[in-house]
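To keep things simple, chains are lettered A, B, C and D as they appear, and every chain counts its residues starting from 1.
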Amino acid sequence: MLTNELAYSKAVAYIMSLLSWDKLNFIYNFVLANIVYGVIVIIGVMLFVVIFGWVERKVMAKAQFRHGPTKVGPYGFFQNIADALKLLSKENFIPESADKYLFVSSIVFILAILLFSMLIVPFSGGIYAVDLSVALLAIFVLLSVLPILIFVAGWSSGNKFGSISAQRSIIMMVSYEMPMLMVIAAVALAAHSFSFFSIVGAQSNMYFAVLMPIGFVVFFIAMLAELERPPFDIREADSELISGWLTDVGAPFYASVLIVDYARMLLGSLLIVLLFFGGWQGPFLPKVAWLLIKVFIVAIFIIVLRATYVRMRLDRLLRFGWLWLLPLSIINLIWVYFFMVWGVIL
Amino acid sequence: MIKPLITTTVQIFKSRFTVVYPEEEEKLPDNYRGKIRLDMKTCISCGACARICPNQTIDMVDTYTDKGIKKMPLVNFERCLFCAMCEEVCPTNCLVLTKNLEDVEVYDRRDLIKRPEELE
Amino acid sequence: MSETKINIGPIHPSTHGVLRLVVTVDGDTIKEVEPHIGFLHRGVEKLAESRMYMQNIVYMEKLDYAAPMAHQELYVSTVEKLLGIEVKERAEYVRVVLLELQRIASHLLWLGTMCNDIGQMFSMFMWTMRDRDMILRLLQEATGQRMFYVNMRLGGVNRDLPAGFEDDTYKVLDSIEHSLGEYKDFLESNPVFMERLKNVGVLSRENAIRLGVTGPVLRGSGIDYDVRRNSSYYKYTKLGFRPAVETGGDSFARYKVRMKEMQESISLVRKALEEMPKGDALGLPIKLIGAVPKEKEAIVKRELPRGEGMMYMVADKQRPYRLAIRAPAFINLAALDHISRGQRLADLFAILGSLDLVMADVDK
Amino acid sequence: MPKIEYANLDAEIEKLHSEGFTYLTKITAVDYVDHVEVLYFLRDIEKNKEIVVRSDLAPNYLRLKSIMHLYPAADWYERELSEMFGIDFIGRKTKRLLLEKWDGKGNPLRKSFTWGSKYEVQE
């Protein structure tokens, strides 16, 4: 008996010697601050998903002369929440021809990775989780993991349409990732660093969209393909593959995929605003307000694009990506380099 | 490349076209062919409507009227095509299709079979 | 490469109606398409044999729910030819007006669903539905019903055009002509749309004749054949009708043919309304015991929105003894297999959209 | 167009095909109980001429030569006729039923094919 207490107290004493007070304090602050910030971000993203879903349905409806949702809440504001609740209340079936564990884990990971990447993106000068010096690279590492996860989900769903859409998601990735990364290199070159704060700081007197118009257009198109917004929604091509990799997905997973869809839209428009429209800089409004206004403008432009353009065929996208986007992004890189040599911007 | 975008934005600012049905009513022309109205008094129970109906939806059933039991048309709206052939064939045109749509929208299929009294 | 059979089943977002396609695909290119039909088979030809002449109008309209007026008029003129009844002067003009309005409405439905199949998120579909609804309201004013009119009678129409019909029609036609112009440059300056239609599903001139396709699909491959001019019924030639012919043979040519036809129909309706003579247009009311036919059989051809429709009827005192219907969509679908060989899977739906199929027409 | 003997029906169609009637509009049949009449609607598109080729078939010997080699359009018409009238066409590859949702017993458009009992109105 005695030896037990002795061993126990010696172990405790040893642990206490490891944790000095300030280290413990740092761990406590780090954990508390980030968990709290994480929760706030997730709530913020959910809020944005609801608002943005409603805005999209209303704007699309207005472009098509109809009313859009009007029943739930004032002007149908809570329609999306009602839809989400309805979907969550449904039974979650997994097709028996599907590979259970891969199928479930890939969808959950997609949501997790996306919310995680929200932590890296700063919302305004003051509000940020962690100021990585390589934030830009981290974001695009995460963003390029998504198509692979979608491939896994589509492939393991055991459905013929799912596997075709899985192949398409990989083929698509090849065509738009390269130009996007080249443009990021140009942005980093212009701002001398990968961290968002210095990128936004560098745009104080001239927005990067003005500095490199070609780069902006290429990045915008590539981001559209990344977000699977029409005219590039080839993975969930409704008219051909029913809904691609989502064909055999149970209702709760479909709700999470809808959230992923709109969250990715938020992330996409946030990146466009941060990299090319000078993030939260603006004359007299508070910083966060400027950021949100710009994000909304970009988002509404993306919605109008969705209402106008027809879906591009897969091989057309490949040809477009390699023949047009890649050379343009290289030209843009050279263009920025010359600007750097003449030292015009800084 | 840009012209389609301009057309869409122009469409956004045009007025809406759809009607929110339960609240706003849609204007129907006066010769709209909706629910059948039967004038029990002038019906001479000749059965012309029952024979002309392409879908055989009208059946002559005996109903209690003030002048004793007479055979009157019973309409099964589940199969009715609203083609108004019965209205045209009826010799005393006691059978007319009106603009009334509400009675034909029911939740229970059995309510669609309307006896002559309900066709008033 | 591995060949997989994909079953694009009866319930699918972009098969119009109930059509099942079994597509053998090698990678992304289509090897062979095998349509399975019959889900909407109601046996109209057998049904017509047990109904009196004028009772069959109701079923003939449901042969093609996108253009009911056209099929109903085709059936009624077959019965008129059988009974030897002449169509009244004014009734011919009224029928031309109603038929051409129905053709515009059917082509608008085609334009909307085709853009929807290629992947546009419903906006072109909603615009065309708005214009189509204007026309349906016009026809509702004239006949009393939105979709299934049952308003043709032997020798004329059962109710003449209402008073304010002319200027309502002029207003609607002006707005549709304006929006057609808008759609034309909306689609043709949209490079993604052009890519999806240019030289997709090419049908050469000889193949079009050998495969027996009809209507805009035939005229899209360069063959100048239109029943309205070739067998000139209802004074179409007097109204200055010129068929729309394109020589491309691909889906884009079929699209242009239908857009031109809409323009042509608009000018036809305007001219018919101006030159419409006074007088009555009412046909014989429906009777329990109709007239006894004089001839033994009748063959009548009409230009339906989807192609050339033909009815061959053998007479038997009060009922048709046999009614053979030639439905245009039936033979257009039969040509789908030949057209879509070697195309991409995503293009199959652009081709299906350009053939403008209605399954009720195919299954009869 | 006078009736063609059953024997030289195919020769007649080949002759017309060579003369320019290359467009087949429709093949139909009519069941006159004592004989079945088959009609071919042919057309010359360029010169806008029409011809109807008719011939009678004995009700017990319903056999026709397929004209798919001349008119590929005839494929679906012949399959429809074989299902609706029981005429079997010689020289055809695909045997699959055209109308999917039907067990294929009996030929509906023959006069011998009768409906079930008259459809009553439920009370």
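Just so we're on the same page, a residue touches a chain if its C-beta (ideal position, glycine included) is under 8 Å from a C-beta of that chain, and two chains touch if they have at least 3 such contacts.
All values reported here derive from a predicted model rather than from experimental measurement.
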Pick the chain whose C-alpha centre of mass, unweighted, sits closest to the average of all protein C-alpha coordinates shown. C
Farthest-lying chain, centroid of Cα atoms versus that of chain B: A
Mean-CA-position distance for chain D and chain B (Å): 41
Rounded to the nearest Å, the gap between Cα centres of chain B and chain C is 27
If you average the CA atoms of chain C and of chain D, how far apart do the two points sit, in angstrom? 24
When the C-alpha atoms of chain A and chain C are each averaged to a single point, how far apart are the two points in Å? 47
Flagged in chain B as touching 2+ other chains are 4, 7-8, 11, 17
Shared-interface residues of chain C (touching two or more other chains) are 123, 127, 130, 186, 190
Shared-interface residues of chain D (touching two or more other chains) are none
Under the touch definition given earlier, write down the residues of chain B that touch chain A in their complex. 4-5, 7-9, 11-12, 14-18, 20
Complex interface listing, chain B residues touching chain C: 1, 3-4, 7-8, 11, 17, 28-29, 31-33, 48, 51-52, 54-55, 81-85, 88-89, 97
As the complex stands, chain C meets chain D at residues 20, 36-39, 41, 43, 45-46, 50, 209-213, 223, 225, 230, 299, 308, 310, 312, 314, 321-322, 324, 326, 330-331, 334-335, 338, 363
For the chain A and chain C complex, residues of the former touching the latter: 60, 63-66, 160-161, 164, 230-231, 233, 237-240, 242, 306-316
Sort out for me which residues of chain C touch chain A in the complex. 4, 6, 12-14, 28, 115-123, 126-127, 130, 186, 190, 192-193, 195-196, 344-349
